[in-house]
Structure formats: C-alpha cells, structure tokens
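Two complexes, one shared chain (chain A), two partners (chain B, chain C).
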Partner chain A sequence: MCGNRILIGLGKSAAVALILAWSLFPIAFVVLSSFKPGRDIFAVPPRFLFDPTVQHYLALATTWGGFFQGLYNSLIITAGATVLAVTVSVMAGYIYSRHRGALMTGSVVFLIVVRLIPPIVVTLPLFPILNWLRLNDTHAALILLYATFFVSLGTLLMRTFIDQVPRELDEAALIDGAGRVKILTGVIVPLVAPGMLAVAVFVVVYAWNEFLFAFIFTATKAKTAPLVISEMIGSIDGVDWGVLFAASTVQLVPVLVFVALMHRYLIAGLTAGATKG
Partner chain B sequence: MPEIAQSGRGRRATARRMPAGDKPAGSRRSDVLDRVGRALPFLAPVHLLVLSVIVLPALYVGWLSLHASTFGQEPSYVGLANYGKILSDPYFLRSLGNTLLIVVVAVHLELAAGLGIALLFASGLPGGRFLLPAVLAPYAISEVTAVAMWRFLFDLDVGPVTLAMQALSLPAIEWSVLPMHGLIIVGLLTIWLHLPFTFIILYAARLGIPGELYEAARMDGATPAQAFRRITLPLLAPAMLIALLFRYIFAFRLFSEVWLMTQGGPARSTEVVAVYLYLEAFRYNAFGTAAATAWIMVVVSLLLGAGYIWLLRRQMVSDVR
Partner chain C sequence: MSTLSRRQTLASMLGGTALLAMARTTKAASKTLNVLSHNVHRTVLTTGAAGDLTDTWRKSNDAEISWTTFDSNPLQDRLFREASLNQTEFDVGYLIDNRPTSQIAKLFEPLGPYQAKAPIEAFEDIAPGLVSAFTVDGNLIAIPVRHATQALFYNEALLEEKGIKTPPTTIEELVDQAKQLTFTSKAGTPVVGMVLASDLAVFPVMFARAFGGDFITKDFRLVPDTGAMEKALGVLKDMFDAGALPRSYATTKNDDQVTWLQQGRAAFTVLPFARFAQVNNKDQSAYPGRIKAVEFPISSALKGQVAMAAVVESWGMVIPANARNKDFSWSYIQAMSSKAVTTGAARNGNGPVRVSTYADPTFAASQPLATLEAQVLSRARPAFPAFPEGVRAQAILLEEVQLAVLGRKPVKDAVAAIRDRVRPLLPS
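The block that comes next holds the complex of A and B.
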C-alpha cells in the first residue's frame, strides 16, 4: 500500500514534469537564447550557463528599428480595441441581462452565430471597402476589427456577470431618480469590474498577438509587432536567430506576465464563455 | 377590468393606479416601443459593429460566390460555377483534406491530453496553484512567436529537438521537406497553442462534479476505473462536447500556423482551406472562387455551431424568465 502510494507520487511528478516541459520549454528556450552570445545559441546540448549579453537587443535596435514602431502600434491598437470592446459589451450586456423575451433570446442566438463566422471570410469584401474609406494601414481599422470580433463574446459574458447583480439595486437607484446611464455607470460597472477585466484579458491577448488581419490590412504605418516578427522569420538573407529571439522576447514577455497575473479572470471568462448562452 | 368602460375621468384615475404590467392592450404596444427605444442606444454600438464588420460582409461574400469576379471587371452571375470549379480543383480538395486531417487528429489528441491534465490537476497536486498559470502560458503566445520557437527547435540542422531525437535514434521531423511531416509539425503547434483552452474547460467541469459522488462510489466498493467510467466520463461529456465543437470550429479556420510555418509548401502540399482562400483572393485575384471557398467555411462553421447551440438550448430557454 505504502509502496503503491510512492509509485503513484512518482508517476504524478513525472507527468507534471512532462507537462511543464511541454508548455514552458519553448518559451524559456527563446527567452534564454535571446541573452546568449551568438555561438552559444547553437550549442549542442543546449547551454544553460552562459555569459548573458544584450548584443542581440542592440542588433535589434540598429537593424530592425521598425520593430519598435510595431510595438508602439500594437500598444495603441490593443488599448483602443480593449476600451472599445469592453465599453460596448457592458452597454449591451446590461440590456440583455435586464430584459427577457423571444426577441432577446433570438438576439443572443444571433450573437453566438456571429462568433462562428471565420475572420478570414470578411477580409475579402473589407479589403476594398477599407481602401475606399482610406482606412487601410491605419490603427483605426485594426481597432475596429479586433474589437468587433470580440464584442459578441464580450456581450454574452457581461450579460452573465450582470445577471449576478441583484435587480433590486437597479430599482433602488431608479427610485432615487437615476437614469439608465447613471445606473449602469454608478451601480453596475463597479460591481462587474471583474467581469470587465475577464473580457479585457481576451481582447488584450487577441489584439496584441493577432496576425491575419494585421498581415492583410497593414502595409507600413500601422504594422504591428507580430507582423514585423513574421518578416524577420521570412527574411530572405536568412534568419538572424539571436535578433529574432530578442524581438520575440520583447513581444511575448509583457502579455505572458499579464496572463499569469490575470489567470483567474481568464479562467472565469473561458468557462463562462463556453458554457453560457 | 370593468372600470375601463366607465367615464373618461374614471379611466384616467384607474390607469394612474394600475401597475405597469396590467395596461390595456392599446397602450402595451407603445409601452414595448418605448422600452425598445430606451434600450436601443445601449444595444446599437454592438450591433452596428457586428453588422457592418461581420454580417453584411459575410452575406456579400455569399452573393459574390455566385459571380465571376476579378480586378477591373464587373461581377457577372455564374450560378454555382465557382463551387463546381473549386470542388474539382485538386489544390482545394487537398487543402480540405489537410484541414480535416488536422481537425480530426490534432483536436482529438488535444482533447485526450486536456482531459488527462485536467484529471491530474483535480486529483490534487502540491503547488497546483503555481502550476495552473504555467499550463496556461501558451495561451498568451502569439502564433508568430510560437512559429519562431518551433522553427528553431525543429530546425533540421541545428534544432535542439531534432538533435535530441537523433541522439535517441528517432527519425527527424523533416517538416520543410515532407508534406506529412509539415502537417505533423503544424498539428503539434496548434495543439500547443490551444491545449490551455481545452484543459480549462475540462478542468472547470471536473471541479464542478461534487466530491460526495466519488465518496459514495468508494463506499459502495467501486474501483477508481469504475468511478471514472460511471461518474467522471458521463458528467464530463457535455463539457467535452462543447470543447470539441469549439475546437473543430477554430481548427477549421486555421491559417497563421500553416502560413508562417510552411506557407502551404512544399508545392502547395500542406495548404489548408484558409490558406487556399487567401491565395485565391490576394494572389490570384479570383474573387469568385475565393468567395465560394469562404462561404463553404461559413456553412461548415454554422453547421458545427448548430450543434453547439442545440447543446445550450435548454439553458437558453431556462434563461427566458
């Protein structure tokens, strides 16, 4: 019996080690390698002790100056898309939570259906339309696209979170003479801030990392960081791995830290988003 | 309501006293309109965005799929010819086959792995609190940086994983040379990126199973295997179905991993449907066939989604209070 327990414990530890290696090794490898002197990146077996250097970061700054412009663009676009998506989702989620009926149910089904449409489908007509509106290669275009592809999920999530706020609070505020806007901003929003954070985590991760829309709808001015990194991967003079790893590290560490800090909200959002109508 | 038939003065007095829900039919319509009118400004932004950016463009694509169209040419109606053309195009059929292969193999492997990890976590792990963010980490990673990692790790000459596999005298994954190996690497990459999602759905569902059920089963002398088959599996089934449907839908639109890893090569052998669509639209300017491809993607996604909505139907009806 006792031996059995030890065996189970060993098996579990091995499984955990395997899972950690699977999820973390690629990330850790890139981050560590970005600080390795050129030759050590290719050392066999991989070297874990080395003299850390920032040479690849300096090379990144001198040879790929566009990368930092890309980071700046990503920051603006992520912030814009997040604010837009969270704001309109709270507004609509409030109404969906407080009103029921056939029209509302139909409308919720409509929002779920919208989530099913693959993003690449809309690039076909939107490319000429955005050109015509002179919105191609602008921050605004990507902000609109990124926010829109998350407002249906955002609205459904906010409805679920606002459902948990007792209606009596609305009614009390109503008796005090507050209008709908006042009730939403003064009563609801402070109470569903965690839900808004859950929606924000989705949009931040998506907008910061997205590739397809950035690839199709930007050319020079609004290029995002992932797009610049994809150009490094496809560079015709051969890939400079040290520089690529440095750029990847700069791109992934902020969002990785963000997700690690917010993982509670991410889990709440993921489970509510998949199992709630 | 007999009072209503009384004098005008009496009716007014009654109306003032009546609670909102009991109004006569005539004023109910204006009441509904009034409520819709007040709700509209709150709903309008979401629906304006969704209609203009997703729904109308998607419907336009459906219309375009029935027309022949390229640059500098008015679309002309051709019926279902575009669908006939792509369904007899070996490149499209291969891309469809590759997509289905990834959907079927990668998604199910991912479900099995996600289930295993969820059960391992639920069985109680020391430090599980810190392990959770570690398992979620790939969720935060962009497809682009993930491809950068994997391209190096599996590089045929210097990749550490390739060299490690050689040291163990395992065959290398020649993803840039052999089409099937290219698909394997794309499949692994897509599992790596999406396993956190599948894991979380299953883990949350597993935590939702009351512990008393397992206790009762143990008291009745059930073995762990029996408890798994009779309690865990049936109670996790709905969550597993939801995770599967979601992942089918998302794997069907797979683009970035393939485009960045193999560009659909060598010789268009690892293309998936979304890559085929991209090439038709933005490289060959064949908008009609690109639209037909897109509409096929929409229809397949909606069919899969119909299953999802059907699964949630009970909850949606119960939501209508």
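The block that comes next holds the complex of A and C.
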C-alpha cells in the first residue's frame, strides 16, 4: 500500500516533469539561443556550453528599430483591448447574473456561437469595411476586434463571479438609494475584482501574441511586434536566427512577468463555478 | 515574503506605459513613400558594402521611405488586397514574375506612359527576358529590380573530407557524390548529401530540366517529356531512400537549406547565387569561405548538346492603380532602377537585372560568382509562366513530388497525376 503510494507519487511527478519539459523546452531554446553566437545556434551536436553574447540584441536595436515601435503598438493595443473587454464583460455579466428570461438565455447561446467562428472567416470580409471606415492600420481597429472576440468569454466568466455575490447586497444598496451604476461600481466591482483580473489575463495573453488580425489590418502605423517578428523570417534572403530569437525573448518578457504576477487570478478564473457555494 | 498588491501592479503597468509614450520619437519628413516589399528589397537598398542607396533620392525629394515587409506569399496576398481597394496607403509594391495574370495586371498602373515621360536610364540594359515577364497584354506593369537564379552550392570542406576533388559536372555525378557525402563528419555532425526545401517548385523543376524535361513550358505545354519528369522524381526518391535527402524532407523549408549548409549538415543544396555571401558569413557559418557554387549540372546524356536552363525568379516594382501619388511612386522606381543604384544593390547582395552590372569591375571584384551567374542567367527561365491557377498547379506538383519521394506513390503514378490534375487548371 505504502509502496503503491510512492509509485503513484513518482509517476505523477514524472508526468508533471515531462509536461513541464515539453512546454518549457521551446522557450528555453529561444532564450538561450538569443545569447549564443550565430554559428552555434543550430550546431549539431548541440553546444550547451558557449560564450554568451549580446550581439543579437545590439543588432536588433540597430537594424530592426521598427521592432520597438511594434512593441509600443502592441502595448497600446493590448492595454486598450483589455480595458474595453473587461469593462464590457463586467457590465454584461452583471445583467446576465441579475436577470433571467428566454431572451437572456438566447443571447448567451449567441455568445457561445460567436466563439465558435474561426477568426479567418470574418477577417477577409472585414478588410474592405474597415478600410471604408478609415480604421485600417489604426490601433482602434485591433482594439475593437480583440475586445469583440473576448467579450463573450469574459461575460460568461464575470457572470459566474457575480453570481457568487449575494443579491441581498444589491438590495441593501438599493434601499440606501444607490442606482444600478452605483451598485455595479461601488458594490459589485470591488467584490469581483479577481474575476476581472482573470479576464484581463486571458485578453492580455491573446492580444499580445495575436498575429492574424494584425497581419490583415495593419501596415505601418499600428504594426504590432508579432508582425515585425514575422518579417524577420524571410524566404529569400534567409533568417538571422540570433536576432529573431532576441526579438522573441524581448517580446516574451512582458507577458511572462504579467502572467506570473496574476497567476492566482488566472487559476481562479479557470475554476470559477467549479463548485457551487 | 512580500508580494505586489493589485494596486502596485496596476500602477507599475500604467507608469511603464506612460514612460514608453514619452520616450516615443517621431520622424520629421515632409513626405513619406510607403513601400510594400520583401525584407530583402529593403536590405539590398539600405545596408551592405554600398551603403544606403536611397539616400540621394530621399534628400532630393525631402521624403522618407516607410517599409512594410512580408515573406513572399503573404506579401503578394497583401499587395493584391491593397491594390483592390478604392485607395491604398502604399505607393510602390514588389511583384513576383509568376503572378501577373491579365486579371492581376489590371490592379497596377501600366508604366509605358511614365517611361515615355521620365524614362529610366538605359532601359535596354535591363535583361529583356525579365522585362517580358512583366509585360502583360502588351502593357509593362513592373520594372524588374531583382532576380534570383538557382545554382548548386556545395561544402568544399566536406567534399575534401571524403576525398572528392571536384564538384559534379553531371546530375548523375551529383547523385553519386550526394550518396557518398551522407556520413558523419570529423566534427561529429551527421551529414546528408543534399538538402532541398519540399515546399518550392524550383527544385523538382530543376531536376526535370536536368533530364531535358519541364513542368509547364512558356507556351503552356504540361510535362512535355514524361520520361524526363519520371527520371527526375526517380532520382529524388533514390536519394531519399539512400538517406542522401533528410528524413525530414517533407517539412524542410528554404531557411533549413541555408542553416544546414552553414552548419555542415548537408553537402549540397540548390540556392540562388545571391545567397553566396550569407552561406559564407563568418558570424553565422561554421564553414566561412568554404562554401562554393557551380552551375546546376545537366544529365550526362545531354551534356554538350543542350544547355541547362536554371530556374530564375524575378521581382519587379509596381505602382498600384489606386495609389495616391503615382508620379512620386515613379520617381522612386526611376531612381532605384538607375545604373549606379543597380550596381550598388548588387554589391549589397541583390541579383542585378542589368547586363552591364556584370561587367562593372566594382561588382565583379566583390562577387566571385559574377561571371558564372551572368552565364547561367543568359539561359535561365522561370519555373513556370504566370496564369490564374498557377499557385494551385504548383501546390499539386509539390504534393505529388512529395508522395513520390517519400515512397507513398509510385513515380509513374505521381507524374500521371501531375498531368491529370494540372491540365484542367491551364489556360484554355
């Protein structure tokens, strides 16, 4: 019996280690390679001991200045999409939580159906429309698109969090003379802030790394970092892998730091509604 | 252990964003030319031995150039979508020679009137074959700016290690040497004889032409010599079975060819001449100065009778028909097509479209392959002519080639399938 438990424990540890290795190896390869001399990156047999160099980061700064502009655009767009998605999700989630009816149920189904549509289906018809609206190559276009694609998931998540806030608190606030907006901002939001952060994490991770919409709808002014990285991959003149990995590392760091800080709320968001309180 | 509170995290993020916003610099120029191109077009005009070749044009026009660059296929996709709008932000685009069908040509300005009004210097010096590739329905729609002609690259050090004194002069010798050069080198690196990208039609077409065949001729004859195509696919399959092509052949990409050659993991590959500097780059290559190139060899049965027609791909500069300031666009094209800029771009690694560039001593001195490239270019032609279903035809060719090479389909059946599946796609 005791032996079985040890074996099970070892098995679980091995499985976790394998999954971690599978997930972390590509990231470790990219980060380490960004500090390797160019000729050693793909050397066979692989070189694990090497003289680290920052030449790729210097080359990134001197030959790909547009990458940092792309990072700036990514930051603006990610922040804007997150704020918009979270705000709308909280408001919509509150309504779904406090009101019932056939119309509400129908609209929830619609929210789920929207999530099933592959983004590529809407991108090409949207291209001339956004161009006509003069939104092509603007931050606003991507902010709206990213927020739109995440409002459905965010709303369902926020509804689950708001469901856990007793209605009696709303009623007490109503008796005290608070309106709906005051109830939302003064009573509900402070209590569901972890849920809002969970939604924010999802949107940030998605918007920071998103490529398809950025490729279709931007050109020069609103070009994001993933798009600039894709330009570093050229089928004609070859890839400077060191610079590419340096750019990938730089792009990886902000979202890694953000997720590391917010991981408690991410787990809360993933398990929201798992148990009925 | 102290942790960041939510307020502190939010404050840090907002502060960081504000700092970035303040640090953002803006360029000051009265005009901006928006160019949609591949990154190689930007680099050959702005970096390298000849320096920034756009400087004179920018100063004389008080303009800046804003480059938007993509890989080849995404670039063409984006160019056509932009050109099909009511108006585009892009002033100049770069077009591949196998794309301009009659439909596509309508998206771009005919350049004849611009050439008549403000002619390009010594236009007749631009290789006529490249000009004709961009002449559709009698209209010149692009000015050639770059060509990439395929050569056989080999690692001289690996050949020496196996006691091979000279590179192959026939395709039969190439196959034999590739099999010999599938070994583990002294450096402990497993070497394959040859590495080829499986997603480019260039390579099966080169092998077919080496046996006197082709995929689609200029007058749209499909697989004119079935036997030659079967020999070509048979040779590729034979090399794969012998381990002389990588096991990962089906997923090998163009960048892998360069990387493998640089790392000494492959002895031979087929690349454009212009890659010579890159494969010998001392910062990236484990064999700087030891990677050489020769003309892709023809079959021994045809040697001395028929010249090998290497595949050449060329790029041209276009003005979208919906561009805002077409005269401004033309001034850029005119400047970048001059003799001086063409030679400078060639020194920066571009494949020059002017015949006179190969005779220029400054270019010849910096490009050891200049004479050979000029000879090969004189006989080269595109992989296949442009037609509306060209991309689908290429995809079918690649699919059947992969099935044959990997042994999933007999070679004869694969060639028959290429003919049957591509025939309906050809223009009637």
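Simple rule for what comes next: the second predicted complex is superposed on the first by the 243 of 277 C-alpha atoms of A that agree within 3 Å, B and C clash if a C-alpha of one lies under 4 Å from a C-alpha of the other, contacts with A are read in each partner's own complex, and residues count from 1 in each chain.
The rule is simple: a residue touches a chain if its C-beta (ideal position, glycine included) is under 8 Å from a C-beta of that chain, and two chains touch if they have at least 3 such contacts.
Here the structure is a predicted model, which is why all the values come from computation and not from measurement.
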Taking the superposition on A as described, I'd like to know which of chain B and chain C A:I175 touches: first, second, both or neither. neither
A:S230 contacts which: chain B (first), chain C (second), both, neither? both
After superposition on the shared chain, which partner residues are touched by A:N131: those of chain B (first), chain C (second), both, or neither? second
With both complexes overlaid on chain A, does A:L49 touch chain B (first), chain C (second), both or neither? neither
Partner contacting more residues of chain A (chain B vs chain C): B
Just to be sure I read the superposition right, which of the two partners does A:I6 touch: chain B = first, chain C = second, or both, or neither? neither
Once the shared chain is lined up, is A:Y72 touching chain B (first), chain C (second), both, or neither of them? second
Shared chain A footprint, chain B vs chain C, residue numbers 42, 44-45, 127, 215, 230, 232-233, 239, 241, 258
Per the contact definition, I'd like the list of chain B residues that touch chain A in the complex. 35, 38-39, 42-43, 45-47, 49-50, 53-55, 57-58, 60-61, 64, 116-117, 120, 123, 125, 131-153, 158, 160, 163-164, 192, 195-197, 200-201, 204, 239, 242-243, 246, 249, 252-253, 255-256, 259-260, 274, 277-278, 281-282, 287, 290-291, 294-295, 297-298, 301-302, 304-305, 308-309, 312, 315-317, 319-321
Can you tell me which positions in chain A touch chain C when the two form their complex? 37-39, 42-45, 55, 63, 69, 72, 75-76, 79, 127-128, 131-132, 136-137, 193, 197, 215, 219-220, 223, 230-241, 258, 261-262
Which of the residues in chain A end up touching chain B in this complex? 12, 15-16, 19-20, 22-24, 26-27, 29-30, 33, 42, 44-46, 87-89, 91-92, 94-95, 99-102, 104-105, 107-109, 111-127, 129, 144-145, 147-149, 151-152, 155, 180, 184, 205, 208-212, 215-216, 226-227, 229-230, 232-233, 239, 241, 244-245, 248, 251-252, 255-256, 258-260, 263, 266-267, 270-271, 274-277
Using the touch rule from the top, collect the residues of chain C that touch chain A in their complex. 4, 6, 9, 13, 17, 20-21, 24, 34, 36, 38-40, 43, 47, 66, 68-72, 74, 78, 81-82, 85-86, 89-90, 148, 188-190, 253-255, 258-259, 262-263, 265, 272, 274-275, 278, 281, 283-286, 349
